[in-house]
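Each of the two complexes below includes chain A, the first together with chain B, the second together with chain C.
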Partner chain A sequence: MNQKEWPLWEVFIRSKQGLNHKHVGSLHAVDYDMAIENARDVYTRRMEGVSIWVIESNQIHTSEPNDQVALFESANQKIYKHPTFYNLPEELNHTMWEVFIQSKQGLNHKHVGSLYAVDVDMAIETARDGYTRSIEGVSIWVVQSNQIHANEPDEQDALFEPAQDKTYRHPTFYILPLELNHM
Partner chain B sequence: MEHQTIKLDYLLHLADNSMILGQRNAEWCGHGPILEQDIALTNISLDLFGEARNLYNYIAKLKGGNTTEDSVAFLRDVLEYRNLLLVEQPNIDWAYTIVRQFFFDVFHFYQMTALCQSNDEHIRSIAIKSLKECTYHLKWSSEWVIRLGDGTEVSHQKIKTALEDLWDYTSELFTPSETETKAVELGFGADIFLIKPLWEQKVKDILTEATLEYPETKYTQNGGKTGLHSEQLGFILAEMQFLQRAYPGAEW
Partner chain C sequence: MEINLEKLFDEKLENEIKIEPKDWMPEKYRKTLLRQISQHAHSEIVGMLPEGNWITRAPNLRRKVALLAKVQDEAGHGLYLYSAAETLGMSRDEMFNDLHSGKAKYSSIFNYPTLTWADMGAIGWLVDGAAIMNQVPLCRTSYGPYARAMVRVCKEESFHQRQGYEIMLTLSKGTPEQKAMAQDALNRWWWPSIMMFGPNDDNSPNTAQSMKWKIKRFSNDELRQKFIDVTIPQAELLGLTIPDKDLKWNEERGHNDFGTINWDEFNQVVAGNGPCNKQRLKARVDAWNKGEWVREAATAFAEKRSKRKNTQAA
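Right, the complex of A and B next:
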């Protein structure tokens, strides 16, 4: 039997009230269409989301854990820096990258914006410069923008609306036997 | 048949389709090929049970007296069930499960679309709610048909076999029972003759994408709509009804 594992995907969900896509976890799927479907079934069962992004896990580059202190502390000192965005000539082969920041250990990575860079190192450097001065980050993820797969906007009804009236999925739905209150 | 009898019989047909398929899919719970698909299929199962509940509730309301959604769902015997033979067919493997779901989803989608125009307010509102769920089910099973058909040699062969085996049960979708014909005349039912070309086109499109051939009809199996079921249904009911029969009125 073929024991090949399906590739791993990271899932990012934007909630109704939320402005950013937040990392919620990972899952296995054969391709991105199915990863979006799986994400819908696994991570939006209790009305958590209005938009899903999936990214194949191996496409995500993270700031080296050992560099964490240097990466973020240096930003603290360079208070003269201001977020500056400049348009680069296309000849430079810059591609667009998305940046995710974990602002505190234990919290999830949150999408904060995008930038142009020629490679991973530059993307992480630029993310450090552009996005960690106001946010006390402990970890940066960068991913090439074209690696993000989002659900189609016209699928929103079918993906998310059915969860609205499934109140039985909420913990408050269950009335526990009286004896359990004594536990 | 008088109006009320036709309506009750028609509602049972709709509800039983969803409940029996929901029960079949629920058999996968804890046995899915991968965690994500285990959850996906049980979600679909719960959607189908949700739709069936709404319909059984409506039946209970029309019948009045001591009738409840549970008594309608659990206390009938095989001959009183009105579901399609297709939905009671066993899971066998993932390919059979997907093909069964796909055939039903295409049908269910167009059926619910039509029922959004029913002249019965209850049926209409149930259909509007279900349609959103069906839309997702159809997408889900279509994607799987494509991936199994256009996947590996083994997956292609498996789904081809399932496709040909279950094909015999699809003609029943478009063979109207007396109840269905009357339900259309009375304005609350869906016209399966209008659904047929839509169903065939959608199935053709997906099978083409899946590099599978549209099967030829060799044998046709009918009878579920009027209570003449395959031996499968008895086993499903034995498992599903055991608790209510052994402990009448049990709640949890």
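Right, the complex of A and C next:
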């Protein structure tokens, strides 16, 4: 039964020019084109976005929760902490990763930047050092940069402009007696 | 040093720190949430059917676009919630399967028929109103993905209730026939709406645990009472009468007293014997089965497109 299920995609929305892409949820789609189109309908019905990123969920690597890191850290001394580990061919050192941070449990993961790393573990550790200053409770997602699929810039109007006219999606469109303003 | 995972979990709850998918959690917490979130998702999806019934017969274009947008929002709510439930380890297809086989429940309110246009008003006003009463505290529920989904949902619900109330207002200021139609809709939707909060507290064995886990913040009876108290003046503003002769302000309690709920009816509808249970389930199963070829075609097309992209790249 599950073999037929369409792949799961995580959706990230930039709500305004200049802001970071923020995780909003996930959806199923056959490929990234369909994922972007569906993300438009599911997550931006009220002008919530100017840009969409989708990433296939299984491409995202997550840090262990901090309290559990403390639990496993010593047992699992990370190999890249040894200096000799870095004598590697140039190109291996040059895989680019995107970093998403949840600065507090309960908030959405937000894109904060990118970095170079040779593998997932190194990407997460580098992100932890570079972007979280090892603050408690911060969760990190990393994904190889080429796994991010964005809507084409020239599609922007076609995707997001129609929502602007749909004023009837907003509570203020309905004029009710003053007593009901809280509704 | 040994770290006790259960203690860590309890401390997080204590300190209002959200539980996230990768955190350790008791198995019963996970199961309780999975049941609640998937039922909530199913309710949003099945909830499209009673209103979908009137889209083509909306009295004018303004009403039609609003109703269409509302029903589309409910589809969105279902999708936010399914995606939150998936983080607890159940696949979307399994959830659909449970709905279609009758194993999973959805809110009983959607097993009542929508007989007239006024029902679109009563549903927006009362059913979405009761849903909002339930959902606002869920924005602070202890499980992160559920809380975030509820924040999105709550932002969208206000318009649902207002468009419903606007319909009721227009009808109750209209011809005597229109006003009678609005009253009739209120008569039929009132009791099922206050049943939406679920059984009385002494008949709701899981409530205490859910409140301890901070999944729920208020009990069924507390929410029901709040809903009744805020809705009474809204009915007065419409000049309509709530069909409960025992409604009466109780100075001592600081709340309105109300009549006895017919739990027999509630249990019958939950058990599958409501007026539209079979019809609703059949509509969902048919939609799924008739969509099979679309899902297959989309998969085949995606495969073809990815092959083409690969050969172009080569």
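In this text, the second predicted complex is superposed on the first by the 134 of 183 C-alpha atoms of A that agree within 3 Å, B and C clash if a C-alpha of one lies under 4 Å from a C-alpha of the other, contacts with A are read in each partner's own complex, and residues count from 1 in each chain.
The rule we apply is simple: a residue touches a chain if its C-beta (ideal position, glycine included) is under 8 Å from a C-beta of that chain, and two chains touch if they have at least 3 such contacts.
Note that the coordinates shown come from a computational prediction; the quantities given were computed from them, not determined experimentally.
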Open item on the list: Looking at A:105, would you say it contacts chain B, chain C, both, or neither? Reply first, second, both or neither.
Closed with: second
- [ ] Applying the touch criterion given at the start, work out whether A:132 contacts chain B, chain C, both or neither, answering first, second, both or neither.
- [x] neither
Task: In the superposition, chain B vs chain C on chain A residues touched - done: C
TODO: Could you look at A:44 and tell me whether it touches chain B, chain C, both or neither (first, second, both, neither)?
DONE: neither
Open item on the list: Let me test your reading of the model: by the given contact rule, A:158 touches which partner, first (chain B), second (chain C), both or neither?
Closed with: first
- [ ] Using the touch definition from the top, say if A:8 reaches chain B (first), chain C (second), both or neither.
- [x] second
TODO: Residue by residue on chain A, keep only those touching chain B in one complex and chain C in the other, then list them.
DONE: 2, 6, 27-28, 30-31, 33-34, 41-42, 45, 166
Task: chain B residues within the chain A interface of the complex - done: 34-37, 39-40, 43, 46-47, 50, 129, 132-133, 135-136, 139-140, 143, 147, 152
Open item on the list: Touching residues of chain A toward chain C in the complex: what are they?
Closed with: 1-2, 4-6, 8, 24-28, 30-31, 33-34, 41-43, 45-46, 62, 64-65, 67-68, 70-71, 102, 105-106, 108, 137, 139, 166, 168-171, 173-177, 179-180, 183
Task: Residue ranges of chain C touching chain A (in the complex, touch as defined) - done: 3, 8, 12, 17-20, 22-24, 62, 65-66, 69, 72-73, 76, 79-80, 83-84, 86, 91-94, 97, 129, 144, 147-149, 152, 156, 158-159, 161-163, 165-166, 169, 233-234, 237, 295, 298-299, 301-302, 305-306
Open item on the list: Quick check on the complex: what are the chain A residues that touch chain B?
Closed with: 2, 6, 27-31, 33-34, 37-38, 40-42, 45, 155, 157-159, 161-162, 165-166
